[in-house]
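First the structure, then my questions, so here it is.
For reference, chains read A, B, C and D in written order, and residue numbers begin at 1 within each chain.
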Amino acid sequence: MELLTQTFLLLKKDLLLEMRRRESLLTMFFFGTLLLFVFHFSFELVPERVAQMTPGLLWLAFLFTGTLGLAQLFEGERDNHCLEALLLSPLDRGAFFLAKTCFNFILMVLVEIVVIPMFWILFNLQSWEVVPYLFLVTVLGTVGFCVLGTLLSAVTLKARARELLLPLVLFPLMIPVILSTIRCMEAILRNGAIGDALPWLRLLVGFDVIFLTVGVLIFDWVIEV
Amino acid sequence: MHLTVHQLAKAYGLLWALRDFSFDLPPGEVVALLGPNGAGKTTLLKLLAGLIPPTMGEIVLNGLQFERGTPIQRAAIGFLAPGEHLYENLTVRENLHFFTSLYKKREAIKQIDTALGEVGLKHRSEEYVVALSSGMKCRLSIAKWKLLEPQLLLVDEPYGVLDGSGIDLLERFLKAESRKGSVVIMASHHVARLLNLCTRAVILHQGRLIFDEPRQQPWDSFARAFGEFLPHETSWSS
Amino acid sequence: MRPWGFVLLAYGIVWGAIVCYSISLRRRYRRAEEELARLRALEASQSHAPK
Amino acid sequence: MVESFKSSGKRKGYLGALALIAILVGLYWGLLRAPADAFQGEVQRIMYLHIPSILTAYLSFFLVFVGSCLYLWKREKRDDILAYSAAEIGVLFTALTIVEGSIWGKPTWGVWWTWDARLTLTAILLLIFVGYLMLRSLIEEENRAAVSAAVLGIIGFLDIPLIHMSVYWWRTLHQPPSILRPDKAPWDNIHPAMLTALAINFVAFVLLYFYLLSHRFRLGEMLEEIKARKLRGEP
């Protein structure tokens, strides 16, 4: 209970700061949109080909924007040594982890809410009825991405060239999430329903649960000034 | 708070920042932590705050080992670094609200206004911290620790940014803390002021403790030790 | 390339790489050993030296 | 287990000699004694390197996991040295596995690289632990580097089964696994001499692995001691 109270307190603070400065959200949003344009120019996307490539392209966009967000995740705490102030306090570090994960998750979901419909509009896709299902799968994948991403973002906090190092260690570990979300989306696009994507969905949920638990347990050691 | 330190040491890479440091402080002690730049003052404060792990040695708070710090132990330690540890894009009141909630001080939330009044920030409580001058930020830090009631208060060079009334405020606050039985350790280069306030003086030089004595009048041994190791700073005698 | 060619290529690369790693490890090991011996000797001479 | 690495130079010498003998016997069996495979021909001999090296790599990453957990728990420097040493040698063996797989693949599949589940999985493993080594080298402060690396070592190891599952599902939907048939035990269609050659080579690799690891571990310990002595000797 205490854990959740503290998580909520920190999350509220992060959201308030983000609402004031809007740094992360705006950059992530514009970067996501920009990527859609880059995709169009690089692949010359005609509707028949787009249908096949949709899951991969969408996830590529989320992966890159998400990494951008992760690089910024602890920057706010570094200003004015606020991270020290938090570590000095009786805060449960598991709550700190949960709050940062939730914060990054909220940012990414906000970006996804805009980018997915925009993808459909920009590439003239007709299959609007599958969008809610796709969004659901994307959200599950985003949970995994944020959990592992927050953990590794904290691990690389003190490293030189951390913006470069982070994706380097993050992407290989993220392969179960990437593969399962993309396969799920493919199955949905093929059948218009979840159907045979179920094993992938289970893997995805398993991944989310395992790393959420590991994160809460291990975060006490991860974060030090 | 009774604070005991045994043979504390911290090395950064191949350099000792602090070596073989021991002292024992009963409740109510106000310690002046002196020494030239690079003597290890800030390292000592950060070690005591649990912000960095020691290379060797141990810290004992009220008879309990302080290793990674339980939440209860951490709640008992305050670190007053002027201008730091505040969210610049939150308002003055939001900052205090956030930290008091984090420390679970429910009654303190009601006293935020009183505390702001005492440090002279009441009329600026809705401003963002980024808009405050460094002296005002320091006053806000004082208000913050007043509300959080630490039993061990570490203070890192507060004098540089405070004006006359601010200094009064700080010293009154520290004395009140000491009367309540808290231990205060303050690092500063304003030797004269610090000596006026303290009950005990400690001098660090190149990471080693070279002087540790309770304050007395007259204090020849301090003058000798101080003159020997910090010959450039004579302002204290004024 | 003949089948044996592939086999010998694989064996060559693997054992070559392992030998290379062993040599570099040995070199690092030697260097550390020498440094340690030097420091030990230095410490011994200091402790015996008259004050 | 860690204690055994602290063995004297003499015992390490025996281990080295034993490893060398095993390697020579393994080479003899693998290259000369074992018959050529009925389907794959001589190329199959690469398997006598391939399978032992990937198994030792897995052993290595398991040791990284064990060392990392112990380090986070007890904060003993030697556990961290164990994890670091095992990661370094593990990366070497993983890289070799990929090279062997690729050389075996050329005559067998006709291409140097294919997105076969096993090859892909090994490549991902390599990427993860190369990342581990990079992380270590990019963090200045020693304790920080050890703690961060330990966390990454634990996450990396826990992720292996998940990656394994996802990569296999992904591939098996397109093509069946190339060697191991789930419905048939692998040793059913293997000549006994082949099995012996494989076993000898496996023993040889494990001995070699522990020989290298013991030296790498001792090297780490010595570097640590050098640092401690320099710190003490500083005026």
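By our rule, a contact is a pair of C-beta atoms (placed from the backbone, for glycine too) under 8 Å apart; a residue touches a chain by one contact, two chains touch by 3 or more.
Note that this is a predicted model, so its numbers are computed, not measured.
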**OP:** Identify the chains in contact with chain B as well as chain C, in label order.
**Re:** D
Subject >> B-D or A-D, whichever has more C-beta pairs in contact >> reply: A-D
Original post:
Per-chain C-alpha centres versus the global one: which chain is nearest?
Top reply: A
Subject >> Gap in Å, rounded to a whole number, between the CA centres of chain C and chain A >> reply: 44
**OP:** Find the geometric centre of each of chain B and chain D from their Cα atoms only, then give the gap between the two centres in Å, rounded to an integer.
**Re:** 51
Original post:
In angstrom, rounded to a whole number, how far apart do the mean CA points of chain A and chain D lie?
Top reply: 32
**OP:** Determine the centre-to-centre distance between chain C and chain D, using the mean Cα coordinates as centres, and give it in whole Å.
**Re:** 19
Subject >> Touching two or more other chains - residue numbers and ranges from chain A >> reply: 224
Original post:
Where does chain D touch two or more other chains at once, residue-wise?
Top reply: 140-141, 230
Subject >> Contacts with 2+ other chains: residues of chain C >> reply: none
Subject >> Which chain pairs touch, all of them >> reply: A-B, A-D, B-D, C-D
Subject >> chain A-facing residues of chain B, complex >> reply: 46, 49-53, 68, 71-72, 74-75, 77, 79, 81, 83-90, 94, 98-99, 101-104
Original post:
In the complex of these two chains, what residues of chain D are touching chain A?
Top reply: 72, 124, 127-128, 131-132, 134-135, 138-141, 144, 147-148, 150-152, 154-156, 158-159, 162-163, 165-167, 169-170
Subject >> In the complex, chain A residues that touch chain B >> reply: 6, 9, 13, 16-17, 20-21, 79-82, 84-92, 220, 224-225
**OP:** Could you please specify the touching residues of chain D with respect to chain B in the complex?
**Re:** 140-143, 227, 230-231, 234
Subject >> For the chain D and chain C complex, residues of the former touching the latter >> reply: 27, 31, 41-43, 45-46, 49, 53, 89, 92, 95-96, 99-100, 103-104, 106-107, 208, 212, 215-216, 218-219, 222-223, 225-226, 229-230, 232-233
